[in-house]
Amino acid sequence: MRRILNRPELGAACGVVAVWLFFASYAGGSGFLSQAGAATYLEIASELGLLAVAVSMLMIAGEFDLSVGSMIAACGMTISLLCDRLGWSLWAAIAVAAVLALAVGLLNGLVVTRTKLPSFIVTLGTLFILSGATIGVTRLVTGRTQVGGLRQALHYASAETLFASRIGVFSVSILWWIGITVLASWVLLRTRFGNWIFGAGGAPDAARNLGVPVARVKIAMFMTTALCACLIATFQAVKFTGSDVLRGTGKELEAILAAVLGGTLLTGGHGSVLGAALGALIFGMVQQGIVFAGVDSDWYKVFLGVMLVGAVLVNTYVRGRMVEARR
Amino acid sequence: SKSEPSAQAPQSAQAPSAAASGAAPRKNLTIAVVTHGQASDTFWSVVKNGVNNAAQDSGVTVTYNAPQTFDMVAMSRLIDAEVAKKPDGLVVSIPDAEALSRSIRAAVDAGIPVISINSGADVYKGLGVLLHVGQTEYEAGVGGGEKMAATGVKNVLCVNHEVGNASLDLRCKGFLDAVAKAGGTGRVLSVNAADPTDSQQKVSAALTGGVDGILTLGPLSSNAALAALRQGGSLGKVKLGTFDLTPDVLSGIQGGELEFAIDQQQYLQGYLPIVLLSQYKQFGVLPAGGVLPTGPGFVTRETASRVIELSKQGIR
Amino acid sequence: MSSLEGGRVPLLEVEGLARSFGKVAALEDVSMNVHAGEVMCVLGDNGAGKSTLIKTLSGVHLPDRGIMRIAGEEVRLKSPREARDRGIATVYQDLAMVPMLSIVRNFFLGAEPMKGVWPFRWFDLGAADAVVRTELEKMGIRVRNTSEAVGTLSGGERQSIAIARAVYFGARVLILDEPTSALGVKQAGIVLRYVAQARARGCGVILVTHNPHHAWLIGDRFTILNRGRSQGTFSKDQITREELIQRMAGGRELEELTHELGEFKRETTARVAVSS
Amino acid sequence: MRRILNRPELGAACGVVAVWLFFASYAGGSGFLSQAGAATYLEIASELGLLAVAVSMLMIAGEFDLSVGSMIAACGMTISLLCDRLGWSLWAAIAVAAVLALAVGLLNGLVVTRTKLPSFIVTLGTLFILSGATIGVTRLVTGRTQVGGLRQALHYASAETLFASRIGVFSVSILWWIGITVLASWVLLRTRFGNWIFGAGGAPDAARNLGVPVARVKIAMFMTTALCACLIATFQAVKFTGSDVLRGTGKELEAILAAVLGGTLLTGGHGSVLGAALGALIFGMVQQGIVFAGVDSDWYKVFLGVMLVGAVLVNTYVRGRMVEARR
Amino acid sequence: MSSLEGGRVPLLEVEGLARSFGKVAALEDVSMNVHAGEVMCVLGDNGAGKSTLIKTLSGVHLPDRGIMRIAGEEVRLKSPREARDRGIATVYQDLAMVPMLSIVRNFFLGAEPMKGVWPFRWFDLGAADAVVRTELEKMGIRVRNTSEAVGTLSGGERQSIAIARAVYFGARVLILDEPTSALGVKQAGIVLRYVAQARARGCGVILVTHNPHHAWLIGDRFTILNRGRSQGTFSKDQITREELIQRMAGGRELEELTHELGEFKRETTARVAVSS
């Protein structure tokens, strides 16, 4: 019992229940409870959740990555351009995008660990550079800011099965989300590398003194995060058979929020992958629940803000003790 | 009352003229509107006023939704959610047919009558959308370019306050194409819509390059451009045109500080589809035209005074 | 202890070590060594550079100058991991613990016991837990729960865990930076016994301490640092306990103090008598 | 000499020189060096600088405020609505807006210090709520998202003199910027309250043990920051004779960036007001320099990102030692 | 010492103090007091609750139960500031220093000397600097520059500054939590002398220490804590030094240890002889 109470994701779990109950009673009649309704918020949660899982691990390792949003745009555009302009196979294009993502992640990690600059600043720089380069290159090549026609790409069908098919009304991305959450949770809690992540974030100097290769751990997490962003880009590119340069804008903040809702500390060293996944679920439910409830979109942000602070408060209250190290 | 219309929706979609409810008294209809324009955008706030007025006039319930940023993925999810609510009609804008086709098709397949507005004139038919209300951004831009070229300018600036928003890109492209056709040159200047000081000073800086004509894509940047011209003392020397109306823009036109404003009459883009859908739903009637163009209209010094009061009410 | 020294190659040896931080020369030309089966005590004032010396020996700092040999072989340690791989285990004065991590995870951080076959190898938490429990019990520490965060423990409890860890992993050379300073007499005794056990197993131990009693009790040789310079090394038969205390600049001070305190007390009594 | 080398703002000063030299040589011919050119980037820098000064002090006190951007919109709208719809005197409207700002700052501070939630999350909630409420109320009252006509407001002339006049080509806001920077610098470095700010951010528990009223210090800084946001809203409302609901979006990030460029640590406890002012100057010069240099606006963001990371690197390199406590 | 106690009202007194953290009862029913002009030593094992007691006395923690009196008046301290205003100055074990702040700013944090007329009153850095220099000099610490950040100092140097600060501000009651543990013999001597001076000035001093020698040298009375409970208070004439060490559960341990060490040594010599 005490073990359960001590888990960082407990708050998020209660938050999920609270938010669900709220919308079920308030907007249940309008389809929130229907299978189709559940499918819409689970789809949002699954994509955000994939990212939040990686982001929460990176945050536990003590770093931020603000460039994931523009990474989604960059990867999606890479896939679309390669397929649409050069007629590449979709799979080859996805592979190139993944390599690009890993390279940017590596670069982020190297700069952060070498220069000891705050990752907030470095990855903000990456955000600008990536997003600018995506716009620049796309407009240079196509004269537009959106590229479509992926449906005609080579091997589209197999990619669609894997990334954009549906099981009943539910998106296949939900399976990915569950799978990756389980895997990441196992890595974090049950492997040596997971222990190193906690050490690297909780007390980097101490961990280094004990022989943990802190820099390598952080770089690996930057690369994982970038790869997850690329995965989402792939989902969206395949599902929407194209990309635009604004896609993913703001996703970095949503992912960080989901991680925090899930009990991950902004300061690093403490957190939970499962919690981040649940945080994403809260996010998805709020986002769609507002639509189901028919809240005037003028007031949407007010609602979101109140729900957000409310969820974090419930979270903290349930966890019983306030986080010690803050910010 | 929810289940009733949804049960017969498929039939009415298959054979509108045979709608069972044809002669029935006016029912409690629900129409969903999903656009790509944020609630904070001046242009779209007029559309929304049109939607609301139409809802009141025809006694239907409407919900208006738009993503918080120009985000096609979020927009498709909003459509999904609305479709899950099984409305009696759906109004969408289609700035990116590729991204939205899946969600729009799903709505059509679910038997919901769909009308598109603003952007999507070229693709709406293929998606099973009944009707399009509005005009393409590119043509509006071309119109602006022709008007600007007619004043004799040679070096123009298109001030874009939201890079990556496909409809703004099209406006600039049309504008620059038209100016180029008339023998002029020009470039795009991107500014931050949220910071008028930034916009003003950027236009000021760009003016040093010998620009003699400016088109702004919305009132946010037109105010800043006006301030920049005032600061540089080049009011009247540099021609200024803008998209969309506000009281400030109109008084600027009256005072001769602005050359013209391109008016898409976006109020109608909000008003018409609601009325059309409610009529269609009740009586199965629909215009046969396909595209109902709402613009571009130009407001110039001669016509400004008439429009100014309407603009204050958020109708133009 | 001369029987242990004559001619044998030291386990760990440094010559002419120097290290500065900006303009502060924390170490200048320090030489020392430790043999298998002996305890080398490093003594010195605050800021003398003891912690810096120890951090250099364990690969945390790179020396600016100087040679380091492990079992006669010249090495240049680039990371704490390397030092650990070469059998040097260290307890730092600033502890090297991750406050938000559980006791058992802290204990094994950087050297987790593994289970399973690659790539499905995982951290064997069960085995780790058992080890931690027995090791802490040996030190006389009862923790309620090894999965509790280290940050909630008292200073002394944390110190004890750090030492238990180093002893458990200490292969050839065990380095301890003021291990007993935060400990009660009882726990300090246990730690000293640990040090003796490690020595008996043939470990070389380098011990930094401010407590001359502890030093004299356990040390075989003594190196005294002063403002980053070595003031010489003495084996236990070359120096008496009183001399040692003297050299630590404390003997006379303490004596004087006892004297002074008497005077103060008299004053106080006088004053109190006046004021009441 | 060593004293100067140890100052946190030295890096920013070098950054200013480096950026100026870069644009002077690269875009000097196109007006960057002219008086009018200087006036354009000084005007941007002055408004951002006002905010960055307050934000850097808040960051030194160990907290973030992400709601300053939406505070600008809310205050600007308050002023415009009161004048345009109710015909209030401009000065009265400004006073009401200032009171509103102080109240929100107080609320932010109270929630952060009471609940011990990270300020990042709390003020993100405030950001959503404020921005949503601004949109909602404005549309409810006017049916539009932009309100103008401030030129006809009572007492506009006197307000214009104070907030929107020009001295030669230079905006009067530059004087405000210099004045507030000097004042804030004095408070931070030479008063008891300033010492408390450093203590509250550097080691809150220690400071509390020593008798520093940490919570009150933080709340005061939240209120100051909100007030500065309101000041900028006033500048812009008066200068552009109106407001819109988007105004200020993203300013919070720019202010934090300026503060970091100026040597303020994201972790709190260390930083400089003068540095933040210089950071804002760098920002203004980069933003305008790019336009003067005629860089294609598609590539603007790439340039900004590179300049940003470059400036931070120069900054850190010049300061000689890397920041110890990071993030 | 009885002359100081009889009938007089203690400067600081607690009765039946209790405080727990979650399920951990750090203090249960602790009573103690300190009079003007005496040193009360608090002794106990690691985790006995000494630091918790001291933090409760200085307003950092609110007690769950129990009464506290200052000069006979019942009080409930709600903040460290309040304690400070009532003349209680404390040196915490975890130091209460802001690492990134300069020495002089740390020294005066929360009690800055002011200059000028309101509202133009400012922090008199010049005066502060002079005070810090003299105070540190008195403690035998030479800092290069009082505007250097505290974070760059050695552990002992930091400790000394914290003590100098508390002594400088210590009005009526001075509380020290293990002040000498990180200090060399010399500095420890200086600190003890400080304590004696404070006592001579009529201060009541509460001193937590693990070092029975230091405790015996300076203490007038001794309170022993064990697992959060008081094991009784003894004045210096009621107890001998050996008894005190015994009670700190250390005497026997140390003796045993000396005995054991001899055995280990013999073993070692034997082993080494075999292996070589």
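The letters A, B, C, D and E name the chains in turn, as written, and every chain counts its residues from 1.
What we mean here is this: contacts are C-beta pairs under 8 Å (C-beta built on N, C-alpha and C of every residue); 3 or more make two chains touch, one makes a residue touch a chain.
Bear in mind that the values here come from a model prediction, so they are computed numbers and not experimental data.
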Output for shared partners of chain B and chain C reads A
By Cα centroid distance, the chain farthest from chain E is B
Between the Cα centroids of chain C and chain D the separation in whole angstrom comes to 49
Distance between the CA centroids of chain B and chain D (whole Å) is 34
Here the gap between chain A and chain C, centre to centre from mean Cα coordinates and rounded to Å, is 45
Among all residues of chain D, those touching at least two other chains are 135, 139, 265, 296, 298, 300
So chain B residues touching two or more other chains come to 39, 163
Contacting chain pairs, sorted by label, are A-B, A-C, A-D, B-D, C-E, D-E
Seen from chain A, its contact residues with chain C in the complex are 3, 186, 190-192, 194-196, 198-199, 202-203, 205-213, 265, 269-270, 324-325
Listed in rising order, the residues of chain B that touch chain D in the complex are 39-42, 45-46, 48-49, 160, 163, 187-190, 192-198, 200-202, 204-206, 208-209, 219-220, 223-224, 227, 231-232, 246-248, 313-314
Residue set of chain E touching chain C in the complex reads 3-4, 21, 24, 36-37, 44-48, 51, 93-94, 144, 152-157, 159-160, 178, 181-190, 192-193, 196-197, 199-200, 202, 210-213, 217-218, 245, 248-251, 253-254, 256-258, 260-261, 264-265, 267-269, 271-272, 275-276
Counting only contacts in the complex, chain D reaches chain B at residues 30-31, 34, 36-37, 40-41, 43-44, 47, 69, 135, 139, 142-146, 148-149, 166, 169, 235-236, 239-242, 244-251, 287-288, 291-292, 294, 296-298, 300
In the complex, the residues of chain D that touch chain A are 62-64, 111, 115-122, 124-133, 135-136, 139-140, 253, 257, 260, 265-268, 296, 298-306, 308-309, 312-313, 316, 322-323, 326-327
